[in-house]
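Each chain gets a letter, A, B, C, D, E and F, in the order it is written, and its residues are counted from 1.
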């Protein structure tokens, strides 16, 4: 555990995140232009998509891949029900906001996943390439269950039919880009990827550093401005990633994944979306308050996952698979 | 002296994600056009927002120039969204040249 | 209570490429200054435009505050461009402080 | 016909670096909110500016909608900055829906 | 032909373009920030300019280079006359719009050229480095002939003199950047270029992928919104690149270029500008309708060239030079 | 001297700067989007910070480092007093503007420094890594002395206390990013830096090229628009970098630095800030005229330093340390 923490905190990626948090806390005016931040998030999604596609083009799709995909989709769809119950009872949120927040916690955060892959790789527990496909598959199901929880199934609010809702969820830019790049990676394979490798692979960690710097700034500023966040919601924003992370890791080990991949599944379950889902909620559930869901997912759960929970999940995965929890 | 006519200028502050609902309402009101301009940050009863483009929770201004009757229709159509989605609408009289366009 | 004076505020929606023709007209009208703000997208009789910065066919708002007489001169000077280049001009009265500036 | 009320719309052109002084004044005037929009370039008595974002000498528009009395308070509070920092303030009457918000 | 098509469609560059088209067709909200798109287009022009300059600094300027430059300039100047005739008679456009569209088809598209170089290189028919100089030289002449056709020679519309027109055309940002980077590449040579190679060369294909993703999005969206485009104009937007491509390729073979370079000249003639010329037309011919010229060049001709016509031109060049039309 | 000038003018970095100047002078519409320019300046600061931190993590902090830091801080604090005197007497500026301009000349320009490092390295006189720390340390002191000169010490203008002023100066985004990246570089060391090396090091010179292209455009445009600049101020904007450069170089040699590092200290003293200090002045001294301080630092001193003065300083440092002034 302790060595894991040290490793986490000497990774440049994490250090830039901490720099962002600190800069915001001392009220520096440091800011990344929004167009750049948006471009970086698109770049990270395209790069991770290609990487996963190339990996799957090499490994092929076997039983493990299919059960991992299945486990991810089921987890993504079901986790919001638990989150919803907690948010409504202990969190005292109304139905709409409970559903919206639950969708965030069921879905995934690409950047948390990517950071976890960096840290796990540093611990010689690199997750399998197909986990990117699992990640992509887990983006949407939670949005559907969250919306169902918030609005009820038949409810045609705003004249918006279920069909329109499905369309909006599945043409969400994150999902289209992630899946599209994944398919391109599969079609192009290692040979085709070689040509664009310097751009999508060599630059990846550096871009991740700057993106996390920005996310640190935004998360901390949002935290300092937060109004709608009670201590109950703060607790939930730490409790849910702990529980979901443990569940996901155990599930991963249960279906026979190696320690790294099981930890990655754990991180996917533990992570809360703050790119794809807020945009989807603003569209499909505009009555819900971004001051609640964004602050919880981005300002509490995201730093908690990056700084602490990835280490816990990694150790837990190692423990479950009989490892030691530290680098071999 | 050049001839001008009076039209209503309507500005709606709306979520980027919901921009299409506003422009659809403008189209349905039979207004010839609209223009969207960017917004950087803001503060309201729900607190301060900024740097939200990555999260897709940022806002835009949609502005349109229309004859009074169509402006009325539009305001009527948008009123429910103002309350429900937290949009802001303001409108005022402006002089325009080539009034037949609007 | 602070003293304010009435001035005209004029806003012109123009092509980015032709911005200089508008600001030159403002300078020629003897107005002290102008400010340019960005525009994201729009729809008019010629259809919908957006994402046209790469192609150089995007638009901007040029706005200027001026005394009524100079505003008249400007509107007169811009009128031909409105028709020919598809610019849009609207103007209205505003209160300003430090009226001697405008 | 939908009910509208009259409010003041105030727009301040200010340096990006000094934006907080403007929004603090708005908060102190008891106004519920404000919105910031970007500015690309401009010209005034001190010459032409543009492309100044890297240097941190660029500008923004801060706009706020408020009841007349609060608008007065704000204008009063901002007046010294107009002269000293070269801000520009203009305000005019607008119709708004949901007047209780402002 | 068939293998060529396969090669085209497994190139990541083309796949990203197709992803952009598809994403727009399913009405996804995927979008690249405009500042980023603009920056990518500047990057591509600087990179291609440097590359060409370095190539010429190595090869020197000989008779072939000079005849290629001459052929390019003459073709660029004359092609609009043919296009104008077709647009006015068969296309039923007025004089102003015919001239504006003709200028686009006489000038060149940097991105089409670059994509063609990628594809031709994949077919072991890499064009010579000096073809970049030919490309740069072909940007402006068509603008001049297009303006002459639209406005007549002596016409001082808007009080704009011929001198002003020349100034605007030759200080166009694309031309200045392309030529400037070309000269920098020539002055710096291989040694100077080594320093900036990782930025301008290693990242090139990746940036091209993302730029084509964006162009796919924009082209397809513009297509779906198109109002002013008749079936006649659609036909012309496919007919002109076919004819101009064949003419250019034959011209290239005629002046003694190798198959790759002749194909590149064909692609230059076939391609229609959608970056430099629309901006120039907005300035010099604001009465012309961008809904016509942009939709034709960007939404019809550009995809047609990238997906189909480059393959045809390459096969034609191989045929004319006695090759087989497929990879050796 | 002459060879140095040749070297300067064949560096692609300098050539892009010249291209920017020329493009603006022929009134081309070439422009880099502002969000990109801002992002490039942040990138350059992060990259240079990391590089310096890694260098110091290798070399450690010894007596030379400490005396260089001390010399830099003292010079940064004191140079504005001399500049202020010249600006007020010969330059005929008022107190406020004299103080504001003096702050710019006491502080440093990251890009001038970086360009100098490129050029010095090309002359086999690469400055030591810790000079980046010296640069970071020299950013703020001049802002403080400049403000003191402009406003007097006790003056609580705008209700702004000294404490607030210190806060604003030290949380300035440039300073936070430069120091933060420096610390990250030190913590991560060479091992941690390896991961992000392709992004921060391989891309560095290319980004610098494009950034200098933009600075050339902006500097020349500002020059052509300049109104408030008299011939007296123009002279001062050339005189100050000459004097400060000589003083700084001599100081560097005096405290025992090698020729490259002494030249770097000279360049730091000679350079005038146009990123961090204008922003700080707009905040703390809004009555001062950016038309004076930006035009002097960006449009006169910056090109003078890049094109001429770096060469002079390098030769002077070589002369003082017994070298020849040209590449060995």
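General remarks:
Note that in this section a residue touches a chain if its C-beta (ideal position, glycine included) is under 8 Å from a C-beta of that chain, and two chains touch if they have at least 3 such contacts.
What you see is a predicted model, and the numbers here were worked out from it, not measured in a lab.
Both chain A and chain E derive from one sequence, and where they touch, under half of the residue numbers involved are common to the two copies. Compared with chain E, the chain whose C-alpha mean position is the greatest distance off is D. When every chain is reduced to the mean of its CA atoms, the largest separation from chain F belongs to B.
Averaged Cα coordinates give chain A a centre that lies 35 Å from the centre of chain B. Between chain C and chain F the centroid-to-centroid distance comes to 39 Å (mean Cα coordinates, whole Å). If each chain is reduced to the centroid of its CA atoms, chain B and chain F end up 45 Å from each other.
Shared interface positions of chain C, i.e. residues touching 2 or more other chains, are given as 17, 37-38, 53, 92. For chain F, the set of residues that touch two or more other chains comprises 29, 31, 33-36, 38, 198, 202-203, 279. In the complex of the two chains, the chain A residues touching chain E come out as 33-36, 38-39, 42-43, 46, 50, 167, 171-173, 176-177, 180-181, 183-184, 187-188, 192-193, 195-196, 198-200, 202-203, 279.
Interface residues of chain A facing chain B in the complex, by the touch rule stated above, are 31, 34-35, 37-38, 41, 214, 217-218, 221, 225-228, 274-275, 278-280, 282-283, 286-287, 289-291, 294, 298. On the chain C side of its complex with chain E, the touching residues are 15-18, 46-58, 84-86. Looking at the complex, you find that chain C touches chain B at residues 13, 37-45, 59, 61, 72, 75-76, 78-79, 82-83, 88-92. In the complex of the two chains, the chain D residues touching chain B come out as 1-2, 4, 7, 9, 23, 27, 32-38, 60, 65, 92-98, 101.
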